[in-house]
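Next up: the structures, one after another.
First subunit A sits with subunit B, and in the next complex the same chain sits with subunit C.
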Partner chain A sequence: MALDVETIVSLAAYVGGGLAMGLGAIGAAIGEGYTAAQANMAVSRDPKNSGEIFKNMLVGQAVAESASIFALVIAILLLFLDVPAPTLLKAAALFGAGISMGFGAIGSGVGSGYPGGKACEGIARQPAVASQLTTNMLIGSAVCQTPAIFSMVVALMLMFINFGNAPLFPTWAAYLGAGISMGLAAIGSGYGGGLAAGASCEGIARQPRTAANVTTIMLVGQAVAQTPSIFGLLVSFILMFKSFPESTALSASMALLGAGICTGFGGIGPGLGNGMTAEGAVRWVARNVEHAGDLMRIMLVGQAVSQSTAIYAMVVSLVLIFVV
Partner chain B sequence: MAIEGAEIVKAAAFIGAGISMGLGAIGPGVGEGMVAAKACEAIGKNPKEAGLLTRTMLVGQAVSESTGIYSLVVALLLLFVV
Partner chain C sequence: MDELGKLHQLIIPFLGHNITINLEVILMTWIVFALLIIIGLCASNKKSILPRPIQSLGELIVSLLYELTEDALGKELAKTYAPLICALFMFLLFSNWLGLIPHLEEPTKDLNTTLGLGIMGFVIAHYAGIKSKGIKAYLKEYFQPIFFMMPLNVIGELAKIVSISFRLFGNIMGGSIIILVVSYLTYSLILPPFLYAFFGLFVGTIQAFVFTMLTVVYISVQVK
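Moving on, here comes the complex of A and B:
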């Protein structure tokens, strides 16, 4: 049985679409479940404010949902995509697009659920600052969505940009690697950003007067936690836009695929670790605002050290792309 | 297209280097993040000892970093030596 090129392109698009939505559904569902669970706890604690808590839960869940809506959009586009000139290279790009979006939605979905849940809990504790909590929740969970948005951008680029007549070997590996790099690197950053945002909602509910300091350190911590996903984006851009000389050698393809895997997996841990650090710093700025400066400094030092392995991973990827 | 043995070895070394550094980066990243989170907690509780706590955090993180550096060394060995 011989498969023609058109069939292989459809195959890649359908499997990619399935992966995008299947993996993309994991995170948002868990995150929203956490939000709802905390909302139930909050209502049982303070039934008088159930209306406010309910509203906040729905708003928080709507933001957490966006990661999986991105995945749905990409999956539907992949299913109904009309490819004018099907090539094997396009098949690799479409499969990569599905992987990028599917994995990329996991972290942001789970992460966005934390601020939602903590804000519901906070409204029960401190109903007077309900609107401030909702605002802080929205800022925090919007930042958590960034890695999922990066993944969607990479997926759309892989689907719609015409990369010209690049040689099939080794460019197929570059496109697949671009998807893997972005998708996996987004997991840690999305989740980590959510931890920081959750701690800030909890902190504002405990100590409303520290709100400005808490929101500031949350944003700084989240920005640093975002870095591994930016490394993933950078490596996937290099893999998409650098032109590679034709080489049928297996090693040339594997070097590019390895570059994507390296930055992708390498971003998970530092993203998550940076988020944990930011969570600790935000929580303690709320409790001990007089020492916000010390806490900001130690947070940044700790995050920088935790970042180092993501940087090693990016260096190894760049060596794989440019040197060997 | 016949693939020769040496070519397979080279391809495996490249993909192995990627997997080594990629997976190897997960643990230190998470572990060092936990250290730093607890250091923030400790400084929040006892700000007077900030210097001592920063030092302890950095030493602890350096030890946790070692597995990341092993991964880097293995990846570089796979790329340039083997």
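Moving on, here comes the complex of A and C:
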């Protein structure tokens, strides 16, 4: 069985498409399941408002599904993509696109289930603010999708941008590394952002008059929790758009692949940790709104400290790219 | 599809270096400036006790942003920084919405715009910190908790610029790439208007707010 270039490119596209949808199906399902579970609890607590809760559950689940829909779009594009000039480099880029989207959809999918669930719970608790809770849930879960959107952008760039005739070695590793870096780094940020959004829905149900403060601090917390995924985006941009000198030595390729892996894995923990910090801050702002300013400052300083590990990972990646 | 990853650039050779100017971005930025000035003039022209709609809209936006700044910085500092914050928010909002108009593009789609604004916020925050704490106390913070953490603290501060500017850039550019690809695949039928509403109006507004809030909060972390 001979493997010519065309076969390898379609092989990479098919495996990449499979990975994109297979991995991308994990997160959203978990998130939606959580939303439904909380909706059940909410209905049993307040059966009179079951219609409102049911509607909110469906809207929340629809938003939580968007990460998986991004994965589906990328998977279908990969399956039916018509590559005009197949090269081995394109094969690496397509495989990287699949990895980026597949892993990138996990965190946002799980995360955006939280605001949905907490909003259902909140409607049972405070039916009067149901519409406010739904709005806040929509904002929170839409911001949760940002890491998945970043992954989709990296995947689309890898698939559609014509990078010209870069040398195969070590550029193949750069494209693969770009996908890995973005995909893995999006996991923690998506999940963490969801925790903050969930806490904000809970907080508004507890104290509806604090809604403005709670939504503001939720947005800031989520934005900072997204920083590790932004580092992933930065590293994958550098890997995609920097031109590397040709080198057949394996070490040059492995350095680029390692750079992607480093920022990718390094972003998971800080994203989740920052999300937890934001969750705590948002929850307590609702109870003690007089000290919202202090809480926000302490949240930011705490997040900055727990983000330092993501920064170490990014520094190591940049050293791998530019120095080694 | 060919537009993906292409830019209109003016490259001027200067003393052995190439000065690259992104023409479209500059044009779009000037359009945003013009829009802001026109709206500002309309809102402040013929002020009266019974405000016209555009005056009340302007008052609403300014008072909301003033309150947000006061919450984070306190009454005294808000007087200094709130006008800056209002201007920043309005500029970002109009920039992010500009892509809704056919043939116009968001200036924030270009990293140079967002990075410039990020560096501006960084410099202002540190200037405010030095001014309120004094240079000694300011420098001392970099040697917390132990002196050899200094380089890492500096990198941590610089990473804030990267994160704040790439967040805005990534969201706006990501939205426009997704719109471009989907429009190409669906022959611009049905889906693109909804995507414009989501990425342009909704995400654009949220990201403008987030960028502004983070700038305020960075100032307040430095000051206190």
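Basically, the second predicted complex is superposed on the first by the 323 of 324 C-alpha atoms of A that agree within 3 Å, B and C clash if a C-alpha of one lies under 4 Å from a C-alpha of the other, contacts with A are read in each partner's own complex, and residues count from 1 in each chain.
The rule we apply is simple: a contact is a pair of C-beta atoms (placed from the backbone, for glycine too) under 8 Å apart; a residue touches a chain by one contact, two chains touch by 3 or more.
Since the model is a prediction, treat every value here as computed from it, not as a measurement.
**Q** Output check: A:220 vs subunit B and subunit C. Expected answer is one of first, second, both, neither. What do you get?
**A** second
**Q** Return first, second, both or neither, reflecting whether A:291 touches subunit B, subunit C, both chains, or no partner chain.
**A** It touches subunit B, and subunit C stays clear.
**Q** Considering only touches as defined above, state whether A:248 meets subunit B (first), subunit C (second), both or neither.
**A** first
**Q** Just to be sure I read the superposition right, which of the two partners does A:319 touch: subunit B = first, subunit C = second, or both, or neither?
**A** first
**Q** Looking at the overlay, what does A:264 touch: subunit B (first), subunit C (second), both, or neither?
**A** first
**Q** Output check: A:161 vs subunit B and subunit C. Expected answer is one of first, second, both, neither. What do you get?
**A** second
**Q** With the two complexes superposed on chain A, say which partner A:283 touches: subunit B (first), subunit C (second), both, or neither.
**A** The answer is first: A:283 touches subunit B but not subunit C.
**Q** Classify the contacts of A:308 with the two partner chains as first (subunit B alone), second (subunit C alone), both, or neither.
**A** both
**Q** With both structures superposed, pick whichever of subunit B and subunit C touches the larger number of subunit A residues.
**A** B
**Q** What is the shared patch of subunit A, the residues that subunit B and subunit C both contact?
**A** On subunit A, the residues that contact subunit B in one structure and subunit C in the other are 301, 307-308, 312, 315.
**Q** Under the definition above, what is the set of subunit A residues touching subunit B in their complex?
**A** Touch residues, subunit A against subunit B: 188, 192, 228, 248-251, 253-255, 257-277, 279-281, 283-285, 287-288, 290-291, 294-295, 298-299, 301-303, 305-310, 312-313, 315-317, 319-320, 323-324.
**Q** Write out the stretch or stretches of subunit A touching subunit C in their complex.
**A** Contacts found on subunit A: 77, 139, 142-143, 146, 149-150, 152-153, 156-157, 160-162, 213, 216, 219-220, 223-224, 226-227, 230-231, 233-234, 292-293, 296-297, 300-301, 304, 307-308, 311-312, 314-315.
**Q** Residues of subunit B touching subunit A in their complex?
**A** Those residues of subunit B that touch subunit A are 1, 3, 7-8, 10-19, 21-41, 43-45, 47, 50, 53-54, 57-58, 61-62, 65, 68-69, 71-72, 75-76, 79-80.
**Q** Quick check on the complex: what are the subunit C residues that touch subunit A?
**A** Checking each residue of subunit C against subunit A gives 1, 4-5, 68, 71-72, 152, 155-156, 159-160, 162-163, 166-167, 170-171, 173-175, 177-178, 181, 185, 198, 202-203, 206, 209-210, 213-214, 217, 220-221, 224.
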